[in-house]
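Chain lettering (A, B and C) follows the sequence in which the chains are written, and residue indices restart at 1 in each chain.
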Amino acid sequence: MRVLLATDTTSNKRQRGIPRRALHICLEIGVPIVLLAAWFISSQRSSNPFFPPLAEILNRFHELWLFDHLHSDVVPSMSNLVLGFAIAVLLGVIGGVLLALMRPIAWLADPLIHFWRAVPPVALVPIFVATLGYGNETRLVSIVVAAVFPTLIATVDGLRSVDSGLRDVGRAYNLTFSERLLVVNLPAASPMIMAGVQISLQSAFVVMIASEMMGTSTGIGAMTLLAQQSYASADMWAGILLLGTIGYAANALFEMARARILSWYFKAQKQGAAS
Amino acid sequence: MLKLSRPPRLVFGIVSVVFFLAAWEVIAWSGLLGSSVPAMFTTLSHTFEFLGQANSWAVIGETVAMALSGLLLAIVAGVALGILIGLSATVRHGSKVIVEFLKPVPPIVILPVVVLVLGPTMGMGVFLVFIGCVIPILVQTAAGVVDTDPVALDSARSFGIGKLETTLKVVLPSAMAFIGSSIRITAPIALVVAVVAGLFGGGPGLGRLLMRAASSGQQTEVFSIVLVAGMLGLLFQSISVVAERRVLHWHPSQRVEETR
Amino acid sequence: MSKASIESSSFANIQARFTNRPVRLSVEGLAKSYGSGESRVEVIEDLSFEVHAGEIACIVGPSGVGKTTLLKCLAGLHPLTAGSAAIDGRTIQGPPAEMALVFQDYSRSLMPWLTARQNIRLPLRHLKLGTTEEASRLDEALEVVGLAHAGSKYPWQLSGGMQQRVAIARALAYRPEVLVMDEPFASVDAQTRFELEDLCLQIRQDYDMTIVVVTHDIDEAVYLSDQIVVIGQKPAIVTEILPVSFPEPRSQFSTRALPAFAEARTHVLQLIQQAR
């Protein structure tokens, strides 16, 4: 009786399920299109200085970014972001490994790390501007400093919470130091490290924009803020659109990479949830 | 080993802070980074002086007020929308792409337009904080609602409990852990955004003060404000962690964390 | 050296086959406590026994008595509080290179990011065996535990028993002189269990390994052992050391049917119950 009931409900679900899924997919794709269309149409005759017609925004987007300012502004911003993020992750992981290995240094560094992590990273930008000037190094250093802490802390935490069972295996079989680090501890800590790296990416992105808003005139952030300050609202919207897209794309790329690197982890979790 | 690790930790902490301050003083004296690094003692005494003025507390209060009211609005709206999204498959799928797109976009991106519309006001800061916090809270709440034990839902239904009551008595408590952790994560973000709103949007509070000090080259003031912002950040972090523990002490997720 | 009193029953009188071989593993006055100060717990008070080369010794005792703790001390993972343990007369200070350990908790002993084959290869990497030798060892180890088809599977794709067999295969591929296993067959079905027990006897034969096994299964202990070390009490001491001898080669059917087998298991059971 119970078995019969169970199969009943599943078949029921399946029967209704197919059109339902189609509906859901339609919703997922349809709603954003409808909203964009609504924006496009309703703003068509807009004379509100803050909300220019979407057509005009897209037109400015095209004129500005494809490809007039691509080389002068988009490329420098993006290369700062990528380079700063990469350096920060490298430093964060290496620093995290060192701190996890050397307890006394970790005790020394702990309070400082936690203080500097609590400082809003954008608040440091003025300090870097004052000490390093308005050059590109300032922007790069700001990004690195902001992005290094999440990865560093996640690496230390991740390495400290490696399962003692796995650690014992490494010790019992006399694995070399580098094997224990590279084949046992870092992979075991990698889910936690990657969570920190994701936050690092977000910080890097925020500080990329912030460092450009601080007294420079090149870069996407600078152009967007300048457009706002000179009431060129279509340009400003075009900048916002580009920044939003970059933020989204950077995160999406990261998540794709993470799904690859941690495929064992996600599959194992799914397996655990299923059984 | 275990016995030893307690007192030295505190000692190490003090040593590290002293070491850091000493390094700072050396850098300032040697002029290694130019004349832009103010002397440590000057800065510290300036910071104390700063904290002794009623005016500074008004400025700090403005930043905190923007952060907290934006956060509060975000909690109310985020939890309500999150429940809606979690309960209704239609809303969930309809909003999916938009939420997914907005999630990784930080509020500094829309800062220019918000400043353009609202001006360099407190309301601008609150709105920016709200935008920065609402999406993570909404996403977490919806995840918590979807995670609700279907057995608990079914039994509530079979007892003839109404939809609203089920939502309040079954769904909300079970999503509480998710909501709690999202608030713990967003509280420090709220502070950061409140500072950003002042720094780049001209809104009131520490951010604006910092910007003014920086553009007029008052390095001691700049360093003092950054120190104050850091202390405020520590305060926000620890209060949100403690608050989450307090509110959710009954929840299994808390026990797991403690045994670790 | 100083063995605890040996019951003079019929099976104990039979001269053990290994006394003319060198002592491979010796434990003398081993004591172990965890923690320090007020949180200090004394787990092992005083253990002494010897395992000769080529011998299989089973350690039995009630749950929580400290068997896993003893094995971790032997494997050099925990420092001793007092006494000593030695392999071939050399005191164990860190993990000995000639020992392989199969952990009790298989789910925490395989790396989930490595396939079964890669997990087995893990301890071989630094031995620099050369590709052909390494590959043949891996194939052989997988074959022997009946997992030749599962080498490319990840641990989380395998059942508990299969995971434990991967852990055993890892120890075998390492070709240790001393193989130490902590309840290795606890999570496999009865059929596989018999096969793995026979495998244990087989590898001792083939590779002349010395094997120490912790088990909860008294029948298993009697079937496998040349010597059973019963430990009991809190903190733990050796309750009795019991030589076991049956006509060789042993077989699941004939050996278990021997009257001496039943006699031995009854005796061990009594000892464990007294030890509680």
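Operating definition for what follows: a residue touches a chain if its C-beta (ideal position, glycine included) is under 8 Å from a C-beta of that chain, and two chains touch if they have at least 3 such contacts.
This one's a predicted model, so the numbers in the text were calculated from it and none came from an experiment.
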Label of the chain whose CA centroid is most distant from the centroid of subunit A: C
Closest chain to the centre of mass proxy, which here is the mean CA position: A
Interchain centroid distance [CA atoms averaged], subunit A/subunit C, Å: 49
Centroid distance [mean C-alpha coordinates] between subunit B and subunit A, Å: 17
For subunit B paired with subunit C, centre-to-centre distance based on mean C-alpha positions, whole Å: 53
Subunit C, residues touching no fewer than two other chains: none
Residue numbers on subunit A that touch subunit B, as the complex places them: 20, 23-25, 27-32, 35, 50, 104, 107-112, 114-127, 129-131, 161, 202, 205-206, 209-210, 213-215, 224-225, 227-228, 231, 233, 236-237, 239-240, 243-244, 247-248, 250-252
Complex contact set, residues of subunit C against subunit A: 72, 75-77, 95, 97, 99-101, 103, 105, 108-109, 111-114, 122-123, 125-126, 154-157, 174
Residue ranges of subunit A touching subunit C (in the complex, touch as defined): 163-166, 168-169, 171-176, 179, 183-184, 187-188, 190, 264-265, 267-268, 271-272
Subunit B residues touching subunit A - in the complex, by the definition given at the top: 8-9, 12-13, 15-17, 19-20, 33-34, 36-37, 89-90, 93-98, 101, 103-106, 108-113, 115-117, 188, 191-192, 195-196, 199-200, 206-207, 210-211, 213-215, 217, 219, 222-223, 225-226, 229-231, 233-234, 236-237, 260
